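Letters A, B, C and D mark the chains in the order given here, with residues in each chain numbered from 1 onward.
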Amino acid sequence: MLVVMKPQATPEEIQAVCDHIQQLGFRPHPLPGAQRTAIGITGNQGQIDQGNIEELSGVAEVIRVSKPYKLVSRDIKEEDTIIRFPGTNITIGGRDLAMIAGPCSIESREQGFACAEAVAKAGAQFFRGGAYKPRTSPYAFQGLGEEALKIMAEIRDRFGLRIVTEAIDAEALELVAEYADVIQIGARNMQNYSLLRAAGRKRKPVLLKRGLSATLEEFLMAAEYIMSEGNYEVILCERGIRTFTDHTRNTLDLSIVPAVQRLSHLPIIVDPSHGTGKRNKVTPLARAAVAVGADGLIVEVHHQPDKALSDGMQSIYPEQYEQLFHECSQIAEILHRNIP
Amino acid sequence: MLVVMKPQATPEEIQAVCDHIQQLGFRPHPLPGAQRTAIGITGNQGQIDQGNIEELSGVAEVIRVSKPYKLVSRDIKEEDTIIRFPGTNITIGGRDLAMIAGPCSIESREQGFACAEAVAKAGAQFFRGGAYKPRTSPYAFQGLGEEALKIMAEIRDRFGLRIVTEAIDAEALELVAEYADVIQIGARNMQNYSLLRAAGRKRKPVLLKRGLSATLEEFLMAAEYIMSEGNYEVILCERGIRTFTDHTRNTLDLSIVPAVQRLSHLPIIVDPSHGTGKRNKVTPLARAAVAVGADGLIVEVHHQPDKALSDGMQSIYPEQYEQLFHECSQIAEILHRNIP
Amino acid sequence: MLVVMKPQATPEEIQAVCDHIQQLGFRPHPLPGAQRTAIGITGNQGQIDQGNIEELSGVAEVIRVSKPYKLVSRDIKEEDTIIRFPGTNITIGGRDLAMIAGPCSIESREQGFACAEAVAKAGAQFFRGGAYKPRTSPYAFQGLGEEALKIMAEIRDRFGLRIVTEAIDAEALELVAEYADVIQIGARNMQNYSLLRAAGRKRKPVLLKRGLSATLEEFLMAAEYIMSEGNYEVILCERGIRTFTDHTRNTLDLSIVPAVQRLSHLPIIVDPSHGTGKRNKVTPLARAAVAVGADGLIVEVHHQPDKALSDGMQSIYPEQYEQLFHECSQIAEILHRNIP
Amino acid sequence: MLVVMKPQATPEEIQAVCDHIQQLGFRPHPLPGAQRTAIGITGNQGQIDQGNIEELSGVAEVIRVSKPYKLVSRDIKEEDTIIRFPGTNITIGGRDLAMIAGPCSIESREQGFACAEAVAKAGAQFFRGGAYKPRTSPYAFQGLGEEALKIMAEIRDRFGLRIVTEAIDAEALELVAEYADVIQIGARNMQNYSLLRAAGRKRKPVLLKRGLSATLEEFLMAAEYIMSEGNYEVILCERGIRTFTDHTRNTLDLSIVPAVQRLSHLPIIVDPSHGTGKRNKVTPLARAAVAVGADGLIVEVHHQPDKALSDGMQSIYPEQYEQLFHECSQIAEILHRNIP
């Protein structure tokens, strides 16, 4: 932490700040500059509340220096985390990109199988499908629950696809952890710390979506919650942030991909479906996500989007997904990555 | 819903859109204009997914017209909701403003009582204190849990203050509903729909904080979730939104107060502590909140903010709260409101 | 400036960063901490580009410490700037609040006089009216130009109101500086540095509106541009920022009022008309602005808003302005301020 | 325009709104729905101010339907605009991508030539370099002015590169239009309408950067200003928007590329340098921009970024640009585009 004094701060005020820091059990390092003095603080500062120092006489500003994340950081683990799926050679976080696709919600066995067949045919290795849907309206379709999980378990058996599905609360988590291969935590729950902790106690990989207004640090801290409980297999997912723009539902922030890769060893994938909310923008942004260096894509694909009970607007058709898959494979190659 | 056709759309394209709407079970109303045709849709449109129509040939745009909220709306109930507390003449939503104050977290019996004494002396009728704290870091102080709830129950007995405290998950909710007078749902959980539903099944008032990136409609829909389960006593709370600014932790959006009051019968209060994140801005913004017409204030007050285990930076001193209380009382009078 | 090294940075890397800083002509101060080393930099750092240091081996982050503003700052001038108008006892920035009101645009002599009469009657000391209008569409009404300035000069003579009007380019500035009492620089031109400099060479007060996406620092730096040319009479104006919200046209950020007052000696006023964009929200937010401590209000008032050629939607009626004036006067008194 | 009535609106209120619309000279179309009535308005609505209607009794909301842009729109001109440079086969907006590169500012003849040689060698066809710099601080380097323009004219002769440089005011515009091949209007001037009009009277292509908080509609309307004066050669440029994120200086909004291409015939390029503000993110985002379908890239390249007088932090090294160029060429091919 760094305390910046006002230019007109007196030596007594500077001394008083140093004394205060010492009383809190830390070490102050006054650093006189051309215009003003700054005071560095060393020692483990987990407990210092910068607001109180900011109110001391003569203080202009307090700047936090250390980052609060530990386990997610490359400081702790330099090499990339690679997540493996027992009994397969599928990975997330290595050279291969993870291609995850499927409908927003599982609406019926027929619909689930039709979508799964389409995405498997295109080459996807993971199937996504909602069993529990967090909907803005309490009157909208909320998912089929465990029935949907059972349908997806069948889909795994039939098509060899790994299953990714969202857990919206502690109860759903138990079932999702039982049936699925990857537990998804949705954007709206990114700071639902009870759910994060509970997911951290499971031994299945967790796909953590970035909250609509989450900073990079908050996003990494949410992953830290999961890891702090002992589950080190976390996959981050950029899915668009809320901004003033209105030509897309959210603004897909692709710059977070290299930013995460610089700070953290965890894999990061991109969701161009929620990231744009418009069918005609999914493929261009999917290509961009691969080009920026993402470790995979999660895409909503529906065999009959105009009849979808949710998110039909942003679901693409199977033939569009095949085209997307093909273009992304070619781009991945240029980056010396591979879509298996 | 309104479908806006492109200027160059052909009569056949317009007809095709009308046919499509009819097949979905609704009634199309073509509306030829100077430059382009628009098509109104009537019938209950809960299930129409505008995305599919948007992709039809000749369509420029689809505009949603009806609002999805029902129970929160003045369309259903014109007069203001007034929440009463049995055995007292305390209200929220009527002429009297609700003054809620107390520390971020309950840290000990001594600290809780010291804070409670201070806010009761200033005139507050409600005491806030965290038992379960949603913290960005898993390594930060997370609250005393049930022990804190017991301390607050004692505080109610001793000082006659109604207790407001946050429930962060289903488990905490059971205890909070038992011990407290008002169940708080925090900003990070505003779209934790499982928790909202569970709170809707309780028979205690719910204080619902606006999410950091929630639109007015999403905020009202979160209240709708609670009400749809039969709990009609919801108090909305503006606590700052996330914007690009950096001089405060959040941007307090006071304009939502008259906006809510126009659309909804529910009371809305303001939290200037989280809304600014800076002690020196709490009182000015508290005054502004009363002046804009808020139905109450929730303020963090700590008798020793520099020793607080959380949020010390934005907690004000008891004597500052007294000043705030005094100034706000005077402003309330000008608006023909009253701080009891 | 503070360079934060990575935890695993070697002594050689730390030394290399220190050497680099020294070569640039500054003094490095290594500051070893529990987990990592930070390096303070002293000397006049106007020219250091933090990006290059950030790319050196072992560097985690570079944090800028000193603020770039000088003349706007209380570091240079502690007491509040009070702007006076020769031949009157009108001030901006002192105990009296500046009440500025009038139509968005001057549309005709009749309309200008009708509006001026109304605001003068309510008690305003300043008249605002657009002669040059920056409109989003090139096809919308762009103002009457010099003709409007002449009408406003007559209004000053007739009603004793000081005139505030916007200059949108160098050419308009010459005329505005000649006819008006206060030169307004609009939000869209807040970073039009040529125009700021030109206004800085005039000897009339400048009302500088905050840009839609301007941080506090950028806002103060825009004022610094004007002052750097020798014009020290700058009035800042908050008029709403762009956020994700959609219930108002902009989000009025009232917290910037105390934030500016802490850092700068310049007066700051608030524009609740553009700040909300909705007639029914102007009065509540005007009250809030006075309650937060603003040094004045600029409000759009039109005697026939439904016939206004621009901004009718957010203009209030004369009788609404009288009510606003009355309520704000009472609130000002509580803060020991005065509306003359 | 569509007027949505409240559910409880009376037939008299509906009639009154229709009468009001008729008095304004337009045609109302009442559209009774299941829950509420909506009233469509037809006729040329340029002059209707929706605010006044919104205030009529019984009105819930007014929704604007028609878009205000004309000349920029594909409604007027369906095929893509292709900009040609006389005496060359260089184009912007066709199959070939425009590769524009060079330093933030021209600092000296030597520096300009060194940078130009580097980007020409990599394959760029356009050279960018600032002669007039809009800097946040009045005390920062502001560019060499006409001297820089002369250096760039020499660079064109020597390396065959077309010159792109920014005009910050009317005076600079005259010189830029004389010396350069493309007139750049910076993000901070996107709504400097006087400058846009003046650029519209020149007969050189204009590169228009998106403002930091500009919506798609405002961006297109700024282009409309230029075109309304008779200059149809406008190149749009996405360069990042302001959001709450802090891991990059701005958030590059790549989704605007397909959004513009759907609505407008104008070419759109991307600036990954300002769009991220960080050297290590320029290449990944440049690749993403080409993958999303942009018509070109404008990139800051400096032969000695650590000695640059401005923007060194986001300028890449010549060898990084070569790598970027190579990767982007390969991605362009996949999209059936070409980097010449």
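Basically, a residue touches a chain if its C-beta (ideal position, glycine included) is under 8 Å from a C-beta of that chain, and two chains touch if they have at least 3 such contacts.
The shown structure was predicted, so the numbers you read here are calculated from the model rather than taken from an experiment.
Steps from chain A to chain D, taking the shortest chain of touch contacts, total 1. Among the other chains, B has the CA centre that is most remote from the centre of chain D.
Chain D has its Cα centroid 38 Å from the Cα centroid of chain B. Centre-to-centre separation between chain B and chain C, using Cα means, comes to 30 Å. Between the Cα centres of chain C and chain D there is a gap of 26 Å.
Touching two or more other chains at once are residues 213, 242-244, 280 of chain D.
For chain B in complex with chain A, the residues that touch the partner chain are 46-47, 49-52, 54-55, 68, 70, 134-140, 168-172, 188-189, 191-195, 197, 211-213, 217-218, 221, 224-225, 228, 242, 278-280, 305-306, 308-314.
The touching residues of chain A, when paired with chain C in their complex, are 2, 4, 6-8, 29, 31-36, 38, 40, 42-44, 61, 63, 65-66, 75, 242-244. Of all residues in chain B, only 213, 215-216, 241, 243-248, 251-259, 262, 275-276, 280-281, 284-285, 287-293, 327, 330-331, 334-335 touch chain C in the complex they form.
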